[in-house]
Amino acid sequence: MSEAMLRLIDVSRVFQLGGGLFSQPRLLHALDGVSLDLHKGEVLALVGESGSGKSTLSRILLGLDKPTAGDVLFDGRSIRKLPRREFTQRVQPIFQDPYSSLNPRKTVRQIIEMPLILQGRHSRAERLRRVRELLDLLRMPARMLDAYPSQMSGGQRQRVAIGRALISRPEVVICDEPTSALDVSVQAQVLNLLMELRAELNLTYLFISHDLAVVEYIADRVAVMQAGKIVEIADVDGLFSRPQSDYTKNLLASALVIPEMADVEPVAGQK
Amino acid sequence: MSSPSLEQGLSNQIADLRPTPSQLMWRRARNHRGLAIGSLIVFIVLLCGLAAPFIAPHDPYAQDLTKRLLPAVWSENGTWEHVFGTDALGRDYLSRILYGARISFLIGISAALGSCLIGAALGLLAGYYGGRVDSVVTFFVSVRLALPVVLVALATVSLFGGKLWIVVAVLSLLLWDRFAVVVRSATMQLRSQEFVVAARAMGCSTPRILLGELLPNLVGPLVVVGSLEIAHAILLESALSFLGLGVQPPTPSWGLMVAEGKGMIFFDSRLIALPGAAIALLVLGINLVGDGVRDVLAPEGKA
Amino acid sequence: MSSPILSVRNLCVTVPTPTGPLEAVRGIDLSVARGETLGIVGESGCGKSVSSLALMRLLPSFIKVDADAMELCGIELLHRTERQMADLRGDRIAMIFQEPMTALNPVLTVGRQMTETYLRHRRAGRREARERAVDLLVRVGISRAAERMKVYPHQLSGGLRQRVMIAIALLCDPDLLIADEPTTALDVTVQAQILDLLADLQRERGLAMIFISHDLGVVARVSHRVQVMFSGQTVDAGPMRELLVHPRHPYTRALLSCIPRRGQRWGKDKLGAEQEASA
């Protein structure tokens, strides 16, 4: 087995809801003892419905939130002790909504070069060269350099967001529902692009999604979350052919994939 | 009916760039009549102020008691030498009005900048951090709103004297509330956007998020509030000067000129009407620009 | 087949913009028979939602709607006054929207909203309206229906809210039900339940239904026939099964090839291969 890039050890996150002077605060266990390994070079999908805790998990992995209990190790070291700058350079996010994840007042170039500016080691010319290289890699024309997000389509915006995540040459990319706001044809392009880039740049993905069909297409392993716990984790073949937990079975039964050509059953429940 | 091809669908995605935000703004600005009229007024008044040393026919401070209260050119006995006539001390009225524009702009713009600095800083902090910081700032805003602007300004200026910088400082400290309120609510909306979360996840420091990510998105509202506050400050300065507690004589200030002319109101109304008209015209122009800028920057907010 | 409940020929919707008129819908035909579900599929901006709003005459008046014919059970829809349309909406045609929270009034209880909709269209007493509302809540699978009548929309989960919306839509036994992305905001397990419910109700009541979605998988689950829309036009149409097995138009083929199938993996079987081939 290859080494674990990210390792979650018994991570919990408890939110206190309400609670005034006289009332006891209600406790919400968003994450409840989650342990998970993300191995170098793999695509690990995290599947769950709304409220399952997958967003809280991604916030913790990005350092935006701290676990109430447990620890997260990156490359063998606790992220509490790791310098923030080193961590953010090596772990980068891609968000769900390309319409709100890009600052509307910045050009493509300003958006993509931001992580390099934060590192503070690159000259202007060097940054521009890297941004151009990356646009090439993203199959975007160079004339997009000075465009604003409002001038671009959803697919182009998401490419820019991917570019911003990749410019610092990270090892791990946390993709939080990166295609669920996109049309299917654009989703296909973005998924293919992500997978091509993974091969070219030797990336490790944590891919958070609610869409089982997408997950089956790209993931090596799948972790299913429900109510703050991981109920099942297996490689993708195993999970889809022999789901163990009832929840996973229910999820699989509910997923609406296009029926196979041979046995199209047009209307639900019609026997 | 020709069916659209797939190529068309794909080319839609790499279609030619849509117009940039600034191009769109120009397009809206060009068709806005109020903005055009307002900018023209403000531009002319500004030009008069800036070019006053070159276009003013006389020294605005030069007194000539032999030429007291000469009438304007359009009334009987008026001469082209003193187009707007002279005041009670024999100073050329046109020159004083031209120089007065400088004072109005100087005070209006610096007071608006000062209050913008205070208000934007407080509003950003309150909107971004929320919680306690927000409560404190909201409290300050309430306190400020509870202060009667003119009375406080009068009291302070009478205490510290009517030097120009004191007037500016007092106005700055009294006009920041609208900046704070607008910036606070805009920041709260922006804070939850994913690009702010993304900046945090990339490791941006808080000052960089506030100044680099949020501030550029607040330029629109700041410009709108700013232009309205410039007009507000100009009016307040005139009021203070009129009451004798703003800019001190012999500096040519429109408010002061109205005050000096008020004794003559029944004999020579031009002494009040001319500076009064100048104030009204400038404030009207600035307000037109402010409204226009708001329409141009946020067309969807126009009800 | 019996005569269609809804028949629309050559529907055009034109939106005036500063840069010239934009043809959002460019001549589509729609026809739905009793007991039939027509699915409309397309990507964002293809005009599918605009078409349904045009049918309901819910578009703002500066948008121009035109058609050679637009009839519901023989009633001409295109030239009706706003008042006459308001009588039809909720009675003969009903609509379910994507976001049930915004379609329900947050300050009225579920029961109040249901009884008022019913009384708006039917001569009936409060009591009868209440009974009818409870009946329907039970039918859409809401347990403790009588209690839930007293509840405000925000106290319900997304799935329950959408069930309430369906119940309201069915209150007056409409001839035509238009569902615009009714499950997009819901979790997958809830989505499957709602789709099954819609299909059951449709069959049981012989409703004519138009089901609009960007997701071919969702449409395939409930529709008999499907129309594929692209940039304001119908590019492909046919019975669901046939369209899936023998997609004629290249756009349909490309669309199908972009949807991940069971067992499809990166590296073995690339998504959107059809799309790239024809590009």
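Order of writing sets the chain letters: A, B and C. Residues in each chain are counted from 1.
The rule is simple: a contact is a pair of C-beta atoms (placed from the backbone, for glycine too) under 8 Å apart; a residue touches a chain by one contact, two chains touch by 3 or more.
All values derive from a computational prediction rather than experimental measurement.
Undergrad: Compute the centre of every chain as the mean of its C-alpha atoms, then state which one is farthest from the centre of chain A.
TA: Max centre-to-centre separation from chain A belongs to B.
Undergrad: Between A-B and A-C, flag the pair that has more C-beta pairs in contact.
TA: A-C
Undergrad: Just how far, in Å, is the C-alpha centre of chain C from the one of chain B?
TA: Their C-alpha centroids are separated by 52 Å.
Undergrad: In whole angstrom, what separates the CA-based centres of chain A and chain B?
TA: About 47 Å separates the centre of chain A from that of chain B.
Undergrad: What is the distance, in whole Å, between the centres of chain A and chain C, each centre taken as the mean of its C-alpha atoms?
TA: 32
Undergrad: Would you mind listing the residues of chain B that make contact with two or more other chains?
TA: Chain B, residues with two or more chain partners: 9, 12.
Undergrad: Two-or-more-chain contact residues of chain C, please, as numbers and ranges.
TA: Residues 254, 275 of chain C each touch two or more of the other chains.
Undergrad: Two-or-more-chain contact residues of chain A, please, as numbers and ranges.
TA: In chain A, 185 touch at least two other chains.
Undergrad: Taking the touch rule as given, give the residues of chain B at its contact with chain A in the complex, in rising order.
TA: Touching chain A from chain B are residues 9, 12-15, 17-21, 193-195, 197-204, 208, 213, 216-217, 219.
Undergrad: Provide the residue numbers of chain A that touch chain C in the complex, in ascending order.
TA: Per the touch definition, chain A meets chain C at residues 49-50, 154, 183-185, 187-189, 191-192, 195, 210-214, 216-218, 236, 240, 250-251, 253-261, 264, 266-270.
Undergrad: State the interface residues of chain C toward chain A in the complex, per the touch definition above.
TA: Residues of chain C touching chain A: 37, 43-44, 187-189, 191-193, 195-196, 199-200, 203, 214-218, 220-224, 239-241, 244-245, 254-267, 270-272, 275.
Undergrad: Can you name the residues of chain A that touch chain B in the complex?
TA: Where chain A meets chain B, its residues are 62-64, 84-85, 87-89, 92-93, 95-97, 100-106, 114-115, 118, 141, 143-144, 147-148, 150-153, 155-156, 161, 164, 185-186.
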